[in-house]
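A quick write-up on the structure given underneath.
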Amino acid sequence: MSVTKKAVEKKATRAAFGDEIVRLGESNKDIYVVDIDIGKSCKTDKFIEKFPMQHINVGIAEQNGAGIAAGLATTGKIPFISTYAVFGSLRMAEQIRQEVCYPNLNVKIACSHGGLTPGNDGGSHQAIEDMGVMRSFPNMTVIMGADYHSTRKLIAEAAAMYGPVYLRFTRDAVPMIYDENETFEIGKAKKLRDGEDIAIIANGDTVRLAIEAAEQLEQNGISVKLLDMHTIKPLDVEAVKDCLDIGRIITVEDHNILNGLGSAVAEVIAEAGKGQLARIGVQDRFGESAPYEKLLEINGITVEDIIAKANQLLTN
Amino acid sequence: MSVTKKAVEKKATRAAFGDEIVRLGESNKDIYVVDIDIGKSCKTDKFIEKFPMQHINVGIAEQNGAGIAAGLATTGKIPFISTYAVFGSLRMAEQIRQEVCYPNLNVKIACSHGGLTPGNDGGSHQAIEDMGVMRSFPNMTVIMGADYHSTRKLIAEAAAMYGPVYLRFTRDAVPMIYDENETFEIGKAKKLRDGEDIAIIANGDTVRLAIEAAEQLEQNGISVKLLDMHTIKPLDVEAVKDCLDIGRIITVEDHNILNGLGSAVAEVIAEAGKGQLARIGVQDRFGESAPYEKLLEINGITVEDIIAKANQLLTN
Amino acid sequence: MFSTPLVIQVYKYMSLQEDHLGTGVWHMQQTSVEQLKQHAIELRKTAVTMVYEAQSGHPGGSLSAADVISALYFRELNVDPTNPKWEDRDRFVLSKGHVAPIQYAALALRGFVSNESVYTLRQYGSPFQGHPDMKKCPGIDISTGSLGQGLSCAVGMAIAGQRDEKDYRVFAMVGDGECQEGQIWEAIQAAVKYKLDNLIVFVDNNRLQIDGFCEDVMPLLDLEKKFDAFGFDTTRIDGHSMEQIVETLDTFAKQKNGKPKCIVCDTVKGKGVSYMEDQAAWHGTAPNKEEFELAIKELEGGLPV
Amino acid sequence: MFSTPLVIQVYKYMSLQEDHLGTGVWHMQQTSVEQLKQHAIELRKTAVTMVYEAQSGHPGGSLSAADVISALYFRELNVDPTNPKWEDRDRFVLSKGHVAPIQYAALALRGFVSNESVYTLRQYGSPFQGHPDMKKCPGIDISTGSLGQGLSCAVGMAIAGQRDEKDYRVFAMVGDGECQEGQIWEAIQAAVKYKLDNLIVFVDNNRLQIDGFCEDVMPLLDLEKKFDAFGFDTTRIDGHSMEQIVETLDTFAKQKNGKPKCIVCDTVKGKGVSYMEDQAAWHGTAPNKEEFELAIKELEGGLPV
């Protein structure tokens, strides 16, 4: 695959949702959007305009939104619930569990404002535990694309597959990494680089940090294998196992280091009894109002941190 | 410490809550119970009778129960929210996140019907992901005692410490393991056995299975170290690290193998780059109506499974 | 303990219809109020027997709901036992899912499942889970069990029907205690916004929940007034008067006036079994042998008029 | 970007009181309706300036709430800026936490925090988080931001006050859109059960939420009727008439009759800034320089009577 080097163009991945859902709505009249009074911010406006009869706005009532989506799904619709990640994961957690995952209904939960990206809104709005919570539920698929194009492709894949899917997007614009023709498969890691000294597994917009770190490491003669693990459930266990011979693995995510990508990879490593892991992510602390980049810095989620961890693992 | 061998007496650990909360209510007028219409089943009846002015029943309204508890806590009360684990973790997940953990308020969530114990009620009532979801939240302490006495002690410790605590109890009667004078410290594993060939780390009522398995293994000349890891957050990382020289570690829990004890231990092992783990627990599938023991069997959470995993790890 | 064989037998719905009805076809229009009353007695007996056999389950709220369930399954619901997933069927959502036994009893009598199979309630391998499971049991339109959630699903089904210009209707039953869940009011407001006159909600107003009378645990005040303030067309009936139930279904519930309908049914928890009536203790308790026999005896005597 | 020094300065409330009021002691009883109106203008200016400086935040709902907030902070709330955690203080819960700027403005003018500090809104290290944070900002009684949750906390505080036989009261403000959250109705029913006449709820009935008019997004119908059906003592006023606000606080809100109180305040979102009024787009948008200057100019002109 080809990674656009030093990409300059930036787009929020919530925009990918806004664009892709229109394309999906066009080709399939069963695609529904269930908004929860933050349609504008979640970029459903174009969809609403084009397909008002495939749109529902339940007002500020997340639980009901999830239940309505489940009801729609029993009739063959493919509803996408659209809200912010902190509400889309937690305010409707039991509804997702009982009415979506337990009966294994074809409901997609598409959330903007993932991770620390709602920077200045503060800790109450920064969803640092959503993917982990979603990973807890049987039948759930949990995805975060790295950039605009991959997110679009993954949304399309999610619509095409049967079953509950949680999709997480960034509020902020993030660099475009992938070429528009790149393909993505749910549950299959995207290998961005092959290498022998260290493996970096990242997801969401931290992939761009990992790319940058890998480039710098290579410049210092360290050969890096790099995976975009857009799907944390089902995890591409084989791809992780393929890193075990390298032995040194770093996970990078804009998510609590508990229960997300880092934990999923830790499970594979520990069960294999092979390899050493360093987890980069939110340090099990709530966020606060600050620019997104500042929050990443506070939590040690930067290019420098990745490089430092790599060097640390290499000298162990 | 002394483990009562072949204990015959059984008590549900929700009964430990019922008894301990009365003792606590007597000595501290700030102890409150917030019931959510399942007081009888959660064993708060004695408390209600004795301390009606320290009791609130919010009816079938979990979210409000959590919010009221948070409000009470701001005035110096120490509220124990009492409900079933599936509701106490998921139906109020965002309220716990935003109004309890984020402001770090002194609210305890005390849940009966943990894990697969609500057997015949079916999958909708079996809380297999509660502890993992609670582990996702910064500031949260997550505990499940192994038997009646240890649960009582841990509840008392939870009341004595400041901050949010999630406590999980069994619906069903489970064997008494500990002597009434045993002491327990939140965040400190209880070593039940020392050994050199294999380490078993269990919590909740699966500790009794681990004890039984350890005894049988020892009879076959395999020396077993056994930890009761009643607190999965904060995890006793040192205790896990002390198992790394043994190298072969088995976790056992009545919880999804994702995000609970198994994942917490996997994180330590993977980051240390030492040791091999086998996780015994619910196989990321919803439960169904069946006797509790049958459900454990289906998920491979039995004495035989522990022994088989041990032998497997030993022959690797 | 049993496993697959039984599960297969469950789907032999035709055998049941022959057993019970002497014909494979159900003629709803012909069901008289008298027959509905008889069926309600059957349902009650079956439900109590299920709970007795399982030694677990919820008799109180099953018995209070029996008359409405009888009217729905044997007169109102346009469903096809030979094709439980028929697209154009009416839907029924038992939002107070813990009273699954009374619904299972109706599914059996209506021919969705075999009559004997329901007595495997709550056993390993049974389609009759402690709470309704749409994946396991034919005729269940949505899995429920966690209170407050089913009504939202019913709203989703009704919106789909409306958008697809289908004629089916969606019936839902909620508990009075269940109406303490905020999500119920979220669903209600959405039903009003979307003008779902294809949605009919029954409140089983039996005045009890688990910890006691609703009045004590969390007063519901006047539910009719609340539904009305939220924009529903609302009426209130005696939920044990088959005449009133049928009359309400025939007239009130059929109005296509752009408003969802609520029927507050005043009922008695445990109705039909003297010692269970109005007793919170019988919410989720199974009768012992003696109690069971008394229950069946009383039920066979018929409800006092 | 700044850090600790500023945070410390925040607590120098006395300096502000001297700045603004010429005395360290606040005499609430003496605050006239005229003064309250003046303060409301100050609050509006400060809030708009904060959002402008931060280039982020929620002006619309801050402006609609300003008059009630002014009356509360400068006439009604029995609080002590020198001891924000005073046990016997009245509590105020901003359940619609996104309009934090208007509360921060009041905390500054009332002397809890220094006047200049509030302009660090939403910056790294600031006590003035995007949504109120009780750990970071003095005078915040509970952290909010996720809609529908604050009112439950207010109920908890009111129950504690009642049980402890304290005289304090708990005031809460919810949005009209926020009333779509089921949890609001859970909190309301609990307040009625526990007869919390120490709880006063303001609904900022500005008829808008994020996606447009509530009427279109999710109709609220008659909120007064709903609160009434749920058992509250309810009244409805012009939320921009300081006279009506004060009158309602003096009489209606003070009745110790075993019932919680609800004051539905008809307001205009964006009130006081012509181009923001009734515009959903100004819910969460920061003005640019030109817009900001116009806003301040209009606000300084005073609200039309």
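Things to note:
Per-chain numbering from 1; labels A, B, C and D assigned in written order.
By our rule, a contact is a pair of C-beta atoms (placed from the backbone, for glycine too) under 8 Å apart; a residue touches a chain by one contact, two chains touch by 3 or more.
This is a predicted model, so every value here is computed, not measured.
Seen from the C-alpha centroid of chain C, the farthest chain centroid is that of D. Taking each chain's centre as the mean of its C-alpha atoms, chain A lies 41 Å from chain C. Chain D has its Cα centroid 45 Å from the Cα centroid of chain C. Each chain gets one centre point, the mean of its Cα atoms, and the points for chain A and chain B are 30 Å apart. Work out the mean CA point of chain B and of chain C, and you get 36 Å between them.
Multi-chain contact residues of chain D (touching two or more other chains): 133, 143-146, 148, 180-183, 186, 189-190, 193, 218. Under the contact definition stated at the top, the residues of chain A that touch 2 or more other chains are 58-59, 61, 63-64, 86-87, 91, 94, 98, 102, 123-124.
A complete topology is adopted by the chain contact network, contact being made between every pair of chains. Interface residues of chain B, counted against chain A in their complex, comprise 86-87, 90-91, 93-94, 97-98, 101-102, 123-124, 128-129, 132-133, 135-139, 247, 256-259, 262-267, 269-279, 284-286, 316. Listing the residues of chain B that touch chain C in their complex gives 35, 37-41, 57-61, 63-64, 86-87, 91, 120-125, 288-291, 294. Within the complex formed with chain D, the chain C residues making contact are 148, 180-186, 189-190, 192-193, 218-222, 225-226, 228-231. The touching residues of chain D, when paired with chain A in their complex, are 1, 54, 56, 97, 121-126, 128-131, 133, 136, 143-148, 177-178, 180-182, 209-211, 214, 217-218, 284.
Residues 87, 91, 133-135, 141-146, 148-161, 163-164, 182-183, 186-187, 189-190, 193-194 of chain C are the ones touching chain A in the complex.
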